[in-house]
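Labels run A, B, C, D and E following the written order; every chain starts at residue 1.
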Amino acid sequence: MTWQNSAITITTFLPILGAVVILFMPKEKDKAVRGLAIVFTGAALVFAVAMALGFEHGKDGLQYVLDVKWIPVIGARYHVGIDGISLPLYVLTFLLSFLCAIYSWRYVPEAGRTKAFLALMLLLETGMAGTFIAFDLILFFVFWELVLVPMYFLIGIWGSTNREYASIKFFLYTLFGSVFMLLGFLAMYFSGPTVDGVHTFDMQVLTAFGAAGGFSHTFQLVVFGAVALGFAVKVPMWPFHTWLPDAHTEAPTIGSVLLAGVMLKMGTYGFIRIALPMLPEGARTYAPWIGLLAAIGIIYASLACLAQKDLKRLIAFSSVGHMGFVMLGIATLTTIGIQAAVFGMVAHGIITGMLFFCVGSIYDRYHTREIAEIGGGLMAELPKMGGIFAFVAIASLGLPGLAGFWGEVMALLSSFSPAPGLNVALFRGFMIAGGVGTVLTAGYFLWMIQRVDMGAMPERWQAKSFRDIIAVEWVSWVPLLAFIVILGLFPAIIFNLTQTGAQALSALFGG
Amino acid sequence: MVAETVTVSTGAVSVFLKYAWVIPLLPFVSAVITLFFGKRTPGRGSVYGIVFVGAACAMSFGVLWHFIQGGGPYESAMSWFQVGPLHLELGILVDGLTAIMLVVVCFISLMVHIYSLGYMHGDKRFTWFYFVLSMFTAAMLTVVISNNLIQLLIGWEVMGICSYLLIGHWWEEKENSNASIKAFITTRIGDVPFMFGIFALIAATGFTTTSIRGVTEAIGMPGVSALYVSMAAILLFGGTVGKSAQFPLHVWLPDAMAGPTPVSALIHAATMVAAGVYLVGRLFEIFLDASPWVLTVVSVVAVITMVGAALLAIVQNDIKRVLAYSTLSQLAYMVGGLSLGAAGLTAGFFHLFTHAFFKGLLFLCAGSLIHAVHSNNMSDMGGLRKKMPITFWTMLIGSLALAGILPFAGFWSKDELLVVAQETHHYWLFAAFLFTALLTAFYTARMMLLTFYGDYRGHASPHESPPSMSGPLVILAGVTTFVGLLGAPQLGAVFGKWVFYDVIEAAKFVPWIGLLGTVLAVAGILGGYALYKTYREPDPMEATLGPLWGVFQERYYIDAFYMRAIVLPTRDKLSAGVYWFNQNVLDGIVNGMAALARGVARLVIWFDRNVIDGVVNGLGDLTGQAAGALKFIQSGNVQWYAAGLFVGVVALAVVFIKIA
Amino acid sequence: MIRLPFVLFFSALLFSAGVYGVLARRNAIMVLMAIELMLNAVNVNLVGFSAYLKDVTGQVFALFVIAVAAAEVGIGLAIVILLFRNRQSINVDEVSLLKW
Amino acid sequence: MNIDYHALLPEFILSGTILLVLIVDVFLSARRKWLAMPLALVGVIATLVATLTLIGSTPRVAFGGVFVLDNFALLFQVFFLIVAIVVLAISLRYFREGGFYQGEYYFLLLTSFLGCLLMPASRDLLMLFISLELVSAPGFLMSAFRKNDLRSNEAGLKFFLIGVLSTAVMLYGMSVIYGLTGTTRLEGIAAKLAGISGGQETMALAAILFVVVGFAFKVSAVPFQFWAPDTYEGSPVPVAAFLAVASSAAGFAGLLQLMFVAFIHQYEFWVPIFALLSVATMFVGNLIALKQTQVVRLLAYSGIAQAGYILLPFALVTADPANNHTAFSSAVTYILIYGVMTIGAYAVAVAVSRTSPRLLIADFAGLARRSAFLAVAMTLFWISLAGVPPTGGFWAKILIFRAAVDRGGSLGVWLAVLMLVNSVISVFYYFAVPRQMIFKPAADESPLRTSWLVTAVVGVAALAILAIFILPNPFARLADLSTLIPG
Amino acid sequence: MTAQEYAFLVLAMVGSVSAVAVVTARNVVHAALYLVVTLLCVGATYLVLGAEFVGWVQILIYVGAIVILFLFGLMLTKAPIGRDTLDNQQRWIGAIVGAGVFAGLVFLIQQAWPLQDASKSYGSFSGSTAVVGDAIFRSYILPFEAISFLLLAALIGAIVLARKDDGA
């Protein structure tokens, strides 16, 4: 066991260890429990960062690989590794979880039961991180499903009024998707190559096989459809998004942050990691449709945002739009597009995560999320909170120089001329839709800022004399705010990582 | 980031050029410092802005000096990062055009920084104001100096957001925040095609570079179709239309006057709005390579804007709006100039150059007036000549410049434009220029008369502004007086040597045109004097214009149209519709699925209860035995199970033995 | 010399009669009797075959079936009596507290 | 003739225990009757030990092939004995507090388990028939054990009548098989049926069908499932657990031998039948389960659905032994895993039944607050039954699924798809109970006290479920080894 | 046609008729008595078929024990009289199914062992007590043990269930 081959395993499962430890803590030791959560997520983050530092740029192929027998009966292996595309998401997962843990030091939803809450959060962390480093379809699927259960409870127990409906809907919808996904996996498994006599779930093997055109055309069409459906629900792509607003609106702040910050990425990551490389022909055939849905999603979501009265719901819908840009980038099947997608994922993770933090804290003060009830003047009475909120919102509308910009602009740029074989005119149409989307996005965000931040604070609130941002919030927010700027100014941080992977992938499409 | 450097330069490279990249950096640094330490420093942080921008200003003069000495352009860049095949750079491209812009931006910005000391004194968000001001300056300088399109786009957008923040500086008032949103969205609408234009250029290079030199070369390639270039050009021009508030995206600028007056001076008169013009100049190659109709389109837009806006300027009561509309039409002047082709570039930019100074001056004067009388409305002014002499004299100079009276700046630039138009046989543009000149002179006179003559109609007790404000006025007035001579043919029109498109056009002085221009200007002024020498309620124009008055007051109903036909429907109706669809159709389907599953379950049970048992119930009734019937209305009857068992066997047997 | 089919027909008839009884009778004990008929049918088969195949296994089988039948009857009656004690009827189509 | 006593040792020990329990019970005073349980427990454990000693020494043949102890038999015997231990464990308190005839109950239970032990080793129609009866007959009695409860009586009667009826049908089939082949040994039958043709073949097919009926009843496959829900709901909960796990597993054990050994050559005939049975069973079970309000009844329907899944591999049989091997072992694995999770669920039900005997789903409301441990474990079991990770149930489904797809052909794929559809449907009701437990407030928040035996059972089962998920291999491997078909 | 066969046929006839009577009789006790007849006939056919041991066991166990058990049970449950109480309303279905089963079986049998085919007939074969006993103890000792447990279980269980207990 060297650091090279054990790093991932340690890092990924550390949170679960934490969960176990926490479960054995006595109820009364509330602060200790919260402390432990911070410690474990922190430790995991440290490891993850260490890995990131030790990561060799530009070297294609996996690093920190560990590949051992797991379930020989069906030829499933414990194959984990990390490459430029997964690394950012992997680190992002740990960063957000850590910040969430810190945030929980002060904010745990009314339902209480801190132990369970944090334990579930840690479990969730492992599940999410695992999806990004699994290189065996079954392992991937296991992590994928592992995420469902804790999130289901996080929403269902600690959510707000309509939590039950939301949690069930979230669970069933995603499960519904993943059933098809699993079907697709198994289809690939059975018609894929055999490694010493046994079929294999190994993603690298299958990728190589698929890249070599191993799967028949019709097969690819069918299977890509199934797999894509699974991922599309998770992303969520229009029109499979309806679980998202409910889930977000009902989930506790932490839940929303992780949901938007990481979980949605699992879907898009699936496209990049599994759907495209393994089923290139399928991808090429479906790309225009994906692009179309993405384009619709962008405009649709921003229009829906304009209609929102609930702050959190508004941001939830905005996620749909942003993920639309990510999907648009993927749909172009070009290097630029895919890199844009990955960048978009990370950026959206940070920015929208941050937005949900803000909304959570605003709710904590006002105990309402109704924009009309808040009634403006936030910036007048709570300048710091209001300012940060406005800043993040502006970052989210894709202001150049901030993180939100690169994903969006590169996605649009790539759709100006998609991969060979794709209909240029069509994709330029999508690009234009995207452009319109950016305007509308600016529209609803500025309108939101106007209605929440600006103007004078209504009497009834001024009586309350809210406190402005508190220490815990500063600690858990500053890293995100910093990253919003840093990624904006030095996008190379991500782009250098994704370069090789994306090029290899787009090579399949002559892009 | 490896700092590999590309350098293209002709002739000696002065140290100023080498370090020109510092120029945009300085205000940026000041912005950062102001943001984090401003509140804690005495004077609430204004000092940083002034010092750093001052430094930048000095440097930019240094840069200009290089070109005054006849130095050549200079470009250097370091690679920033790479996406796929596309190399992005951070770089600078300095030529005469850049140098001029640098000077203008830095100088005016410095003036405004100083002026604001007085104007914004005691403002709630004084420090913040300075932060944004510096940030804006940095962004604008980035746009000016950048050697590649993405970097330019970034500066471009940051300017936009700064303008948004400054317009909405007093966001406690809803109108202000409305105005700021209007400004941002409107310009953004222009920016989208602009962005696509950039994409088109980058794509033309095969996604290899974004540098301006690179794309212009690529466009020049034979492979690129004229249509492609034309489309790209038109798309790029969209950016200009948005930022420089040309028709049909002009609507935001008048509202933008909601911001503090120094901001209007800097952003909405001198610099940002000029960025659109600058952009066309920067990418002039593209426009020339494009089919002629592109420039025609440009000129049409210009004409509409210049005349339309000038007409509106006549009927405004709010002094800032007068200037705003005047700005619109002057910008259109420049755009029109550029639309004249290669020859027009120099002229257009000369007007940009002079306009920046005198319009900046006028705005600052207006600011000083407003500062004094606490109102924007000229109906609350009048007779301030005595009370505010400095403001009066400086504003008089500005106005004469605007009206185009010798020897002030405006005269020279206008004259040059007229000459070029006439020489390149763009007669109707020539006509438009002349007509606008007339109108300009008229409303300028009106403005001066309404504010400084007659007797005071306001309520506050006006007094001359503090030196921090009057100082910049005087300086600018001075500049305005003499800067025009830079383009004076009699003096060799040195300006043309700095800013030109591949060949230096010798600026000519055509006496009859000069005379014609002056005559019209004077006529305008006299006309104004005739109408406004004594103040009258209601405005005499109302009678003169008749029905048109209302139309003008309503800005040709364009804003109203946008609001009713586009904004509100989208914001309220369409969005609501989409959301309804989301909740009832899409979500309906999802919930429907769940319901369906439950339904099927119910169905199966119903089947069990009513078909399996129900058959029997029916028969029970047939046998007419009430008792029997009751007995059968029971499920869980074991004999039915038994029957089921046998039927099952027999059925299976029959079916499958047949098959086998 | 007995032809096998006769034996089988006989058993078939017993069996079918049993089936009818099971389905048609309300009285639990009668149902039991019907079942006994079916079991006997089985035995007739077994014995018949064993004679036909000249193999004793069939008869052994038959013996076991008889024994089991005895046990079943015992159990069945016990349950019936229990039921009768709790509700004064042993009509099988009335035992239906348990529904969907 | 010399008998392999070692091979029969477990049966002997168990028989001894049975008699011992019976005798001791006579001398125990009413308050001490419960002591029969520890006694039985010891006996069963002894039996288990004896069985374990046999590992590695298989196969052993006794009585000229009537009784064969191979890995298959051994695996099931061990499984049954463990289940026996569990059922005993959860019975103690229930029967002690319920005022039952404890001694007799344990006696009957063990007798039934004796039948279970014999079943997988029986390789002779007669032997199979006797084992089956030995499993069922005590079952009839036990299900009626709540003497003063009409429901229980009813349960007994229904179970009994349908049981006997199907037995009769099965016997008729067996007799015909015997008539056609002249033997009752499974291998012998297979050999003879291989060459059968014409009218006799038709007869044989009918006979096979009749025989299947008997076992289809035992495993409560549609359309022979009618009795199950009523019986389960009516009988004492531990008995229900026994029926749901041991008795149906025994049925499967028998069915596996019959189909994969005796009637293998007729697969073309019965494969479609099983396909139909399996699909019908899944759908009926899952769909009706959706509307249940009583937990044991819900478990019954879920059990039916699960039976449907287990029947699926039967429909995958082809001429290719390798394929049959996969199918076979997938079925076995599923049975084992199904046993673990179901028994766990029943254990929790037993615990809850102390405060709310009707065991309505509503009675589980707020369990999380009354006993977090039980709630979590129960959730785990339900999730596992639904086949959602991170639980063993996931692998159980995957293996069958894999077998189905491996078989290839439209049939395999279709079955796989239908199975998935069902799994999704099932999620709807499998989450009904966790929902109650976790989200709904309890009628009374008073903490639920459970006997340490039950707690232990639940805990072990829960751990097992997780363990299987993480390391499914050993399980699958077991099933792989203990096959009747050369892999 | 041999004497044996005639004897068999006669017994079969009687047996069949009374069997039908068992399931149709209006009076429970009559039904039980018809059952006796049927069982006796069956037993007799065993003897004719040469299965002495089984035959006697049949006569003794069934007629001796089981039927008595039935009558006993009938007494205990105050056997009601009359069709309505004896038969339920889905009689006709029972009839259809029964007839169907019979037809089906006859058809199958006719297929498998055609009556015309003379070879389908026996020589004499004796299932004497000795033979049977030997068979049992050679290979069926285990089921024999098992069945004893089964009977024991049935006995005990029956007692438990049937006995009137004071609310135990």
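One rule holds for everything that comes next: a contact is a pair of C-beta atoms (placed from the backbone, for glycine too) under 8 Å apart; a residue touches a chain by one contact, two chains touch by 3 or more.
Note that the structure is a prediction, hence the values are computed from the model and not measured.
Among the remaining chains, those touching subunit B and also subunit C are D, E.
The chains in contact with subunit A and with subunit B alike are D.
Distance from subunit A peaks, on a Cα-centroid basis, for E.
Centrality annotation: A (chain centre taken as mean Cα position, compared with the mean over all protein Cα atoms). Ranking C-E and C-D by contacting C-beta pairs places C-E first.
Averaging Cα atoms per chain gives one point for each, and the point farthest from that of subunit B is the centre of E.
Centre-to-centre separation between subunit C and subunit D, using Cα means, comes to 26 Å.
Rounded to whole angstrom, the centroid-to-centroid distance between subunit B and subunit E, based on C-alpha atoms, equals 102 Å.
Each chain gets a centre from the mean of its Cα atoms; for subunit A and subunit D, those two points are 44 Å apart. Note: centroid distance subunit D to subunit E, computed from Cα atoms, is 31 Å. Residue positions of subunit B touching 2 or more other chains: 594, 605, 608, 631-632, 636, 638-640, 642-643, 646-647, 653. Residue positions 15, 18-19, 22-23, 26, 31, 48, 52, 57, 60, 64, 68, 71-72, 75, 78-80, 82, 92-93, 95-98, 100 of subunit C each touch two or more of the other chains.
Across the assembly, subunit A contributes 172 as residues in contact with two or more other chains. Those chain pairs judged to touch are A-B, A-D, B-C, B-D, B-E, C-D, C-E, D-E. Listing the residues of subunit C that touch subunit E in their complex gives 1-10, 12-27, 29-30, 32-34, 36-37, 40, 43-44, 47-48, 50-52, 54, 56-57, 59-60, 62-64, 66-75, 77-82, 84-85, 90-91, 93.
Across the interface of their complex, subunit C is touched by residues 605, 608-609, 631-632, 634-639, 642-643, 646 of subunit B. The part of subunit C that touches subunit B in the complex is made up of residues 19, 22-23, 26, 31, 92-100. Across the complex, subunit A is touched by residues 1, 80-86, 150, 153-154, 156-158, 161, 164, 168, 171-172, 174, 177-178, 180-181, 184-185, 188-189, 192-193, 195-196, 199-200, 202-203, 207, 570-572, 574-576, 578-579, 582, 586-587, 590, 594 of subunit B. On the side of subunit D, the complex with subunit E involves touching residues 1, 8, 15, 18, 22, 62-64, 66-67, 99-101, 104, 107-108, 111, 114-115, 118, 126-127, 130-131, 133-134, 137-138, 140-142, 144-145, 147-148, 156, 180, 198-200, 202-203, 206.
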